[in-house]
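Below, chain A partners chain B and then partners chain C, in two separate complexes.
Our next item is the complex of A and B:
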C-alpha cells in the first residue's frame, strides 16, 4: 500500500542519540540564519552607502546567490542524502531561468 | 495499513516525509514543481528587467524615485525570520512533537500575515501616488512580478492554515507528515524568490 512503512522500534538510548543529533543540526540551521541576516544587512548597507553602481550590482547579486544556496542546501535540506534528483530538477530550472533572463535583457526589447 | 496508525517519538521514522511510497511520490513531484516555478519567476524577472523604467514619454515614475528601502528591509527581515520558524516547525515534526510543530507553524503564519500586510500597504501607497497597474510598461511588469510573489504568499499561508486546522485533532502520522514537510518547502521557496525581488527590484531600483 502507498502508505506502508517499516516499523521502527528504537531503544531509549538510540532515541536520545538521534534527538541530540537533530539538536546539533538545528544549531547549524541557526548559523545559516545568522549568515543570511548578515548578507542581507551588507546588501542594504552597500546601497544606502551610495557606492558606485558598477561595484554594488555585482556584489549584491552575488550576496543574493549565496543566500539562495544557503536556503536550498540547509533550510530545504538539499545537502541531505537522496536529493540528487532534486538537485537535477533545480539546476535544470536555474539553467532555463538564466537563459530566459539573458535573452530578455539582450535580444528582446533591446 | 491504517493511515491513522499512532506513532510515538521512538517509533517515528527518521525521514517521515519520504518513509512511504505516497510521501516519496509527493516529494519528487513537489521539487519538480519548484523547478518549474523557478522558470515562471525567471520569465517575470526577465520581463521586469527589460521593461524597467519604460513607458509613455513624460512618465513621472521611475524605480529610483518610487521605492523606499526601510519598508522593504522590514519585509525582508520578516519573511527571512518566518523561513527560520518553519525550519523550527519541521525540527519538531521530525521529533514527533506535534504541539511544538503547530506552535511554530502558527508563528510562521503570523509573520507571513505581517509581510502580506506590509505589501498591501505598499501597493496601496503606490496606487494613491498614481502608479497604477496600467500606468506604464514598468508598472505592469512590477505589479505582475511582485504581485505573483504576493499571490504565492497568500497560497502558502492558506496551505499552512488548512493543514493546521485539518490535522489539529489528528496528531502527526504517516498521512500528514509529508504534507507538512512540503508546505514548509514551499514557504522556503517563497523566501528564495523574495531574495531576488529585494535585490533585483528594490536595491537595484533605488540605485537607478
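Our next item is the complex of A and C:
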C-alpha cells in the first residue's frame, strides 16, 4: 500500500515546464492530424483520377506506412519517454514478419 | 488469508492449488503435470525402443507405432519439456528480479490451466478411437488423409495448450520489463532471467504462425475448408512453412532457458562470476533473432531450389557462432574456479560435450547437399535427441536438483542424484550415439520395423539397451523424490551455500509475498555482493516495511479452460453428425465466455498484508531459521 500511493507536489517551474511540453505535444498532434487528412486526400484523388493500378497501389501502401508511423508517434505516445522496449519489440516483430514475407515471395517459390 | 502456514486438510490443499494465482504454486503445478507428461512420453519412447529391439518385431502394429511415435514427439515437446521449463521460469525468475509476483497473476493461472486441459485433451485420444499418427510435425498431406479423430485431437489440443503458452510468454515479458526491483538494470539481470525473457519473446513471435497453421488444419478437417488440399486449389507446402516458422524458434524456446539454468549452475558451483556475462546476453539475443531466419533448413528436400537452400544453409551455419560463444564462456567460467561437483554441476559439465556433439551434427545438416543424404534417416533422430536430451533434458534434471530446495524447502539426495545421472547419461549416449551410424547405414526414421537382412540388428539392440538405462535413471529420480518428500528435512535460505542471485537470499520455500521489503540491487549477483560485504541479512532494502497488496485466488481460470476443453469435444464430434455435438460446442464456449464476463464485471481488488502481519511472519521465519541452525545444519555444508 505504502508504495502504491503517489503524492505529487510540483514547483512553479515544473508546472510551467509541463505546460509548455504539453503545448508542444498538442501542436504536434494537430500538425500530424492535418497531414493525415492531406495524405488521405491524395489517396482518394489518385483513385478518382483513375491512374494505372501499378501507380496507385504502391503509392497508397507508402502513404499507409507514413500514416501508421505518424499515428504511433504522435497519437499513441511512442515519442514519449519509456517506450524504448515497446519500440524494440514492435520493430523486431515487423522485421521478422517482413523477412518471412519477403522470403516467401522471393526465393521460396523461385 | 493468513500468512501463517497452518496444516491444511487434503481437500483444502487441492482447492488451494485449483484457485491459486501465486507464481510459486503455479510453478509446482507446472512441474507436476509436466513431469507426468514426461513419464507418459517416456513410456511411449520405451515402446518405440522395444518395437525396434530386433528385426521384424511385432510388439506394436504399424498403425499403433505411428501413433506412439507421433505422441512421443508431441508430448515431449509441448507437454513435458516446455511446461517443466515454465515451472522453473515461474519458480525462479520473479524471485531473481526481486518481484512479489508476475505482472498478471490471474493470467498466469489461466495459462497453466489452458496448457493442462489441452494436454489432457490430446492424451484422451488414446481412449477415444486412436491417437494422432502423422508425426509431431503433422505434415498436411498425411494429416488430411488420416482417418478417425487422431489429428483433430492434435490440432484442437495444441490450440488450447498453445493459448496457454502464449499467455505465459506475454506474462513473463511484461513481468521482466516492468517489475524489476530498484537497481536491477537489464545488464544486472541473472542469465536465467535473461533467457526467460528472450524465450518469452520467441513464444510471442513464434506461436501465432502455429496457431494460424493449426486453425487452417482444424478448418480443413472439420469445417470443409481447403487450405492444404491440392486437389481443391490449396497448397500443402504452406503447412510446412507455417509449422517450421514456428518450429525452429520453438527449439530455441526450449534450449535458451536450458542455457540459462546451466549458466546459473556454472557460476554457483565454480564460485565465480560468469565469464563474459555481456557476451552471453548478446549471444542469447542473437540466437533469438537468428531463430527466425532458418526455418527452411527443415525443408531442404522439399525442392525450394538452390537459391533458397543456399541462403538458409548459410543462415543456419551462422547460428553456430553465438552458440559457440556461449560454450567458450561457460568453459572459461569453470576455468580456475573453485569447483564443487554437486549433482547439478555434474549435469552441467556433462551437458557441454553432449550438446556440442548435437550442435556439430546440426551444422553438418546445414550443408544442403549432405542433408539430401541424411534427411529422414536415423542420423536426424540422433541429432535432435543429442540437442534436446543432451541440452534440454539434462538442464531439466539439473534444474530439478538445483531449484528443488527453493521450490519445496527440502533437498534431493545427492547420492541418488548421482546414480540417476550416471544411468541416464550412459544410457543416453548408448541409445543415441549409435543411431548416427544407423542413419549413415540407411535406416529410415518413422518406420515401424526393419528386416533381418539389413544388418541393423546389433546397433538397434544396443540402442534399446541404452533406453532401458535411461528409464532406470528416471525411476531412481522418482524414488529420490518420494524419499525426500517423506523425510521432509527443511533447509535454509541458501542450501547450496554459494547462491549468487536474489532467490537464495530469501527462505526456502519463500513466503507467499516473496519479499517483505523490495530489495535494492547493487550489482550483478546481488546476494553474492551482500555476502562478500558481510551483510548478514543478504539484502539491502529499497523501501521501509509497509502493507503489501496481493491478488486474491480465483477459480475462474480453471472454468475458462474447462469450457474450451468441452467445446473442443463438440467441435470434433460435430463432423460425425451427432446431434449432441453442436450444443456441446456452444455450451463449452458459453462457459468460457460467461466466466470471462464474470471476471470482467466483478471487481476483485485483492487484499493487503498488513505491516503487523509481516512482522509476525518475519518472527516465525527467524524462529524457524534458528531451529534449523540449532538442529542439523541443512544443505550441503
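Heads up, the rule we're going with is that the second predicted complex is superposed on the first by the 84 of 110 C-alpha atoms of A that agree within 3 Å, B and C clash if a C-alpha of one lies under 4 Å from a C-alpha of the other, contacts with A are read in each partner's own complex, and residues count from 1 in each chain.
The rule is short, and it goes like this: a residue touches a chain if its C-beta (ideal position, glycine included) is under 8 Å from a C-beta of that chain, and two chains touch if they have at least 3 such contacts.
Everything numeric here is computed off the predicted structure, so don't read it as measured data.
For chain A, the partner with contacts to more residues, out of chain B and chain C, is B.
Look at A:67: by the touch rule set out above, it reaches chain B but stays clear of chain C. When the two structures are aligned on the shared chain, A:31 is found in touch with neither chain B nor chain C. In the overlay built on the shared chain, the residue A:45 is in contact with neither chain B nor chain C. Touch criterion met: A:8 reaches chain B, while chain C stays clear of it. In the superposition on chain A, A:105 makes contact with chain B only, not with chain C. Once chain A of one complex is fitted onto chain A of the other, the partner contacts of A:79 are absent, as it touches neither chain B nor chain C.
Across the superposed pair, chain B and chain C both touch chain A at residues 1-4, 85, 89, 92-93, 96, 100, 103-104, 108.
The part of chain C that touches chain A in the complex is made up of residues 173, 177, 201, 204-205, 241, 245, 289, 292-293, 296, 304-305, 307-308, 311, 518, 543-544, 546-549, 608. For chain B in complex with chain A, the touching residues are 1, 3, 9-14, 18-22, 25, 28, 31-32, 34-39, 41-43, 45-47, 49-51, 54, 69, 73, 76-77, 80, 83-84, 87-88, 91, 94-95, 174-175, 185, 188-189, 191-192, 195-196, 198-200, 203-204, 206-208. Residue ranges of chain A in contact with chain C, taken from their complex: 1-4, 85, 89, 92-93, 96, 99-100, 103-104, 107-108, 110. Put simply, chain A touches chain B in their complex at residues 1-12, 15, 18-19, 22, 25-26, 29-30, 33, 36-37, 40, 43-44, 47-48, 53, 56-57, 60-61, 63-64, 67-68, 71-72, 75-76, 82, 85-86, 89-90, 92-94, 96-98, 100-101, 103-105, 108-109.
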